[in-house]
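Read from first to last, the chains carry the letters A, B, C and D; within each, the first residue is number 1.
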Amino acid sequence: MSSVIGNNIKISIFGESHGDCVGCVIDGLPAGFEIDMQDVNKEMARRAPGKDKTSTPRKEDDLPKVISGFLNGKTTGAPLAMIIENKNTKSGDYSNLMKVPRPSHSDYPAFIKFGANNDIRGGGHFSARLTAPLVFAGAIAKQILAGKDIFIGAHIKKIGSVCDSGFDYNNIEKELLEHLSSKSFSVIDEKCEELMRCEIEKYRSSGNSVGGEIECAVIGLPVGIGGNIFDTVEGKISSFVFGVPAVKGIQFGLGFGFAESNGASVNDGYEVKNGKIRTLSNNNGGVLGGMTSGAPIVFSVAMKPTPSISTAQKSVNLETMENEELVISGRHDPCVAVRAVPVIEAAAALAVLDLIM
Amino acid sequence: MSSVIGNNIKISIFGESHGDCVGCVIDGLPAGFEIDMQDVNKEMARRAPGKDKTSTPRKEDDLPKVISGFLNGKTTGAPLAMIIENKNTKSGDYSNLMKVPRPSHSDYPAFIKFGANNDIRGGGHFSARLTAPLVFAGAIAKQILAGKDIFIGAHIKKIGSVCDSGFDYNNIEKELLEHLSSKSFSVIDEKCEELMRCEIEKYRSSGNSVGGEIECAVIGLPVGIGGNIFDTVEGKISSFVFGVPAVKGIQFGLGFGFAESNGASVNDGYEVKNGKIRTLSNNNGGVLGGMTSGAPIVFSVAMKPTPSISTAQKSVNLETMENEELVISGRHDPCVAVRAVPVIEAAAALAVLDLIM
Amino acid sequence: MSSVIGNNIKISIFGESHGDCVGCVIDGLPAGFEIDMQDVNKEMARRAPGKDKTSTPRKEDDLPKVISGFLNGKTTGAPLAMIIENKNTKSGDYSNLMKVPRPSHSDYPAFIKFGANNDIRGGGHFSARLTAPLVFAGAIAKQILAGKDIFIGAHIKKIGSVCDSGFDYNNIEKELLEHLSSKSFSVIDEKCEELMRCEIEKYRSSGNSVGGEIECAVIGLPVGIGGNIFDTVEGKISSFVFGVPAVKGIQFGLGFGFAESNGASVNDGYEVKNGKIRTLSNNNGGVLGGMTSGAPIVFSVAMKPTPSISTAQKSVNLETMENEELVISGRHDPCVAVRAVPVIEAAAALAVLDLIM
Amino acid sequence: MSSVIGNNIKISIFGESHGDCVGCVIDGLPAGFEIDMQDVNKEMARRAPGKDKTSTPRKEDDLPKVISGFLNGKTTGAPLAMIIENKNTKSGDYSNLMKVPRPSHSDYPAFIKFGANNDIRGGGHFSARLTAPLVFAGAIAKQILAGKDIFIGAHIKKIGSVCDSGFDYNNIEKELLEHLSSKSFSVIDEKCEELMRCEIEKYRSSGNSVGGEIECAVIGLPVGIGGNIFDTVEGKISSFVFGVPAVKGIQFGLGFGFAESNGASVNDGYEVKNGKIRTLSNNNGGVLGGMTSGAPIVFSVAMKPTPSISTAQKSVNLETMENEELVISGRHDPCVAVRAVPVIEAAAALAVLDLIM
């Protein structure tokens, strides 16, 4: 039962949605690394709520306060701890949820697991607000990786029925990733943004929510990173990514498309080009035998629709043990996939940093 | 770089495809557990090669020899170690692969990672033969779980263009899982077996291979298993399952189907039935907020087509650094998904055992 | 390179002596546990500096502020995070230490390891001030253990040439442990306190420091806790205890006295008494084959004299690479063993809690 | 409950004293390392029983058989697995021990822990025979370390009332360590061997046993190895060393001598010599703030007298729950410290390798 992850870099995340704060401790960062805090704050802003109708109206400035491990603009080598205060909380909204669990949310299993002692307000420790410290830690990881010419970027591949162009698996430029990483609504094909916003609004306006898919790429890793049977690049990235609320699936390269494919069509042959070996295609998403192949790592994750919707739902009263209709009145994103883009990038960055350190 | 996994149960897997043996050490089993070795051998037989045209013609009886931790038919509480001798090896087949890596296989990254010191014969430590000890360990885990009324079973959901019926997510009977677990070609809709065998033969006969999808279910887990942010049921199962060669994706419940769904349609409401709370549907595949919801755990994995095909492929010569055509002459399964069914069950069983101990 | 420890309970410690704060995150506490904060503060007060001449004159009230995982007086099951602000810092004292490392202190290896980026002020992350969060976490662990009838207490066994009575290994009462745990200067034989205070004053008044030995006992553990080869009670306790600055040795039961002993004299025979099995003696300090024997766990630790003394010492200037005399002007305990008693209890409590959960 | 240890190098030990074999899996070794098996066998011979009256008369040739991870004389990068067959077992000797536990041995707690399912023959998994695979793994670690100019050696510092000269903490030559590592009875002062053998014989001849102390040194480590609070060199070495049966204490440098010392006398000052910084003394045993100081690492361990003695002892019958006298008739070392020297070296080598990889 742990909110700690990593072998070489250990990230410990704490806090609750409506408690004093959320935060994290990052253990194992190299000493003397100059953190660009302005850049970190840009990443925080990408995830921050309250910007427009695609996100919850809860406004939080999400300014991280570093309280240890950082001196004169550089890491000291001691654990780096950070907190973000919670300011705009409205806990009254959640008063009835302790008794009547929200469908498809952590409420019911958490109630059983923690014997009703968990902090239900705003989802408590299970809230998507806990991704703020993840983005903070990931922003630092991305800076460290950039110093090693490793770059990460993601985009919204799909929302409901609207699809963005996908990455060209075998040919992903640093410029594209940096461009995607600079946006608060990340798509490759700019025309998609408006279509996706409409799709979200369609569901939001009717008190509903919609799911999405996020595609992420990592370039610049050397060949042979990752290891033996249980130390695969896929397993490592998955263990970080499933820590992000609402993620329900992950696939590398063709992923589930492989089930319908034949080897002759999808095998990634090799060629020598300019004295270097490279794959002719990258259906494997940059991972072979659990190790990096030198091609870009490409994976995508499925995100379920926000379970908190304002239309009436069937639930039960845990006290009376009778069926009860539930109407949720809190403030929620109609589509978590939009703000989850920097979170997936952060999870990937931390997984990759843990792999190479 | 590790072939060890697990927190409470630790499984260490060793061996190479054409070395002396493959085997494993299982650390943390309860003492005094009576292992039904006949049942273990049945599981081994499900995975064993050489049965028919859907698998490699390499014949191995795959009889596990327990060499520690087991006395008078029971576990002693000390680590249980087991080896399976390799008998039917034809290493001559692999003589050219050290220089010319097979596309979509571990050869090239392993060559770089291990500086050409890795055992390339039969894929060495990266061979699917290493799943034999995984099935052994999983068979014991399944027996322990059955004693706690937890049951696991899987079936081939798809091979190429042929699909089996899927699980009824919210209503999976022990009898169905036991039935699937007793078969060497596991499908729910019996008619599919012949169609799938034809699909495989179509590719095999032309020196090609085909991918597949395996769906797995776990029933009987109490509510609230799994934990905080990075200790999710999804992350735990993924970390075991990506240890199985050829797995390229995993999804829980609707998985990637969530991306196109809206909350009102896919949220899993609750009802009280016979004094107990249960979900009205199970699109979340039995996991909410990373914890078990009480509904069956249902997940599926994508398996890529066997990369080793006998048609000519584009590769490179690592010595001369020139392009070179590769024709693979070894013995290989035309579709790994068939024999992988008990392997996925085993990985799931070990992950679940690790979660509840 | 980690300030995280534990398998079932994970404690992550952060902060620096002269930074904003010190603190910790405790992951894996049971939900719904009612923490007696008054009792926690008593433990904090035992460790707090500034009380009298046996400790540093730096005064800190050391009031822990819980910032997550705690609601309505109970644990929520989410990670419990806590910070203690640093108030009475005088960082000017440390200005020359970055260049001229204090003998027997972490300064020089930390300078090399962290490339001079570490926070040297007050010893930074290596300061004994980091034991404050350890005592906080340990105080909670002790409360949980007390609920299971497991009790822990320690006393100063030796300071310089003054020795306290030792525990009667095979017969330690809860009342004695509770008595020791309530004191700020813990000795079994009350007469020793004055003698030890004189011994310390002798060294303090001459700008010197003195070492000590602390003996700790744990009663109430069932037989058979601890495990196979690398999961011994001794190893577990050691891994926590060596996290306490200045500890340079640990021994269980007779410990180093065993080297001069013969089996016939020191073997711990068994008897049946009132229908229960117990050992006739407890030279093994309650641990056999790495497992608890049912007798009290008794161990002692050696603590070196505070390296920071005010007499002139031989050191080097890391910039000029020339020999340089060093006079340390900061505020330091003349004998760390006094305030380390609750710290050793805390480390033991956390190790034991990690073993039994 | 684990016989697995290590973060970067993982060692999994299995087997029982009177089972088929003992063995280990070493995960994480660098690929392409040429193992000198003749040298490994020399280390095995140092530990092997049956040589003379200081050890058990059980004769085992202890030839390790490598079964994976090793090809053409080099490591492959896959887990290296090894087994040693048990040949000279006489299990009849142990028939009564299941009911009447040997004092100071693992028998009683193991009986309770494993519910009488543990293999009691020869001590089963708790037997000192399990140190054979540890020595094997350590021998490989020593070879890898030697390639990095890191050397390890140990000697018997004390047996009963006979003491060897100690290491000169601050000045230990590679030649001395290699000399000690080549012997089966390792002492610095050669005259001590005869005296110690007499001391052992005195106890052996009267059906008794005697304890001892082993001192071990590691030279050649760079400054700054080891890490933050819970990742100390002391903690790491302890966690490996307490896996060796009969170890009851460990101290670094002056260790328990610090308790009687004052800072002015024992602080290790610095000097610049030939342009390099070195300590003027090494009372800290090469570790400051948990990190290497550049001076030799020196630690010693206390080993209790072999608990299995042939004189009658007080025990209990676990079936009848009555007191019962026990006479042990098996074959045992009269002093485990002699054969434990290469075991302590091995544990230190593995701990150090785990620290630097």
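Going forward, a contact is a pair of C-beta atoms (placed from the backbone, for glycine too) under 8 Å apart; a residue touches a chain by one contact, two chains touch by 3 or more.
Treat the numbers as computed from the prediction; the structure is a model and nothing was measured.
Undergrad: Can you list every chain in contact with both chain A and chain B?
TA: Chains touching both chain A and chain B: C, D.
Undergrad: Please identify which chain has its centre, taken as the mean of its CA atoms, farthest from the centre of chain A.
TA: The most distant chain relative to chain A turns out to be D.
Undergrad: Could you please state the distance in Å, as a whole number, between where the Cα atoms of chain A are centred and where those of chain C are centred?
TA: One centre to the other, that is 39 Å.
Undergrad: Averaging over Cα atoms per chain, report the distance between chain A and chain D in Å.
TA: 46
Undergrad: Two or more other chains in contact with one residue: find those residues in chain B.
TA: In chain B, 1-4, 13, 27, 77-79, 110, 113-114, 125, 228 touch at least two other chains.
Undergrad: Contact residues on chain B for chain C in the complex?
TA: So the residues of chain B in touch with chain C come to 7, 27, 77-79, 228.
Undergrad: Along chain C, where are the residues that touch chain D in the complex?
TA: So the residues of chain C in touch with chain D come to 1-5, 13, 101, 103-110, 112-114, 125-126, 130, 157-161, 203, 208-213, 223-224, 227-232, 234-235, 238-240, 242-243, 245, 247-264, 266-272, 275, 277, 279-280, 283-285, 288-294, 302-309, 311, 313-316, 318, 321-323, 337.
Undergrad: Which stretch or stretches of chain D touch chain B in the complex?
TA: Answer in residue numbers: 1-4, 10, 12-16, 19-23, 25, 27-28, 31-32, 67-69, 71, 74-81, 83, 110, 113-119, 124-125.
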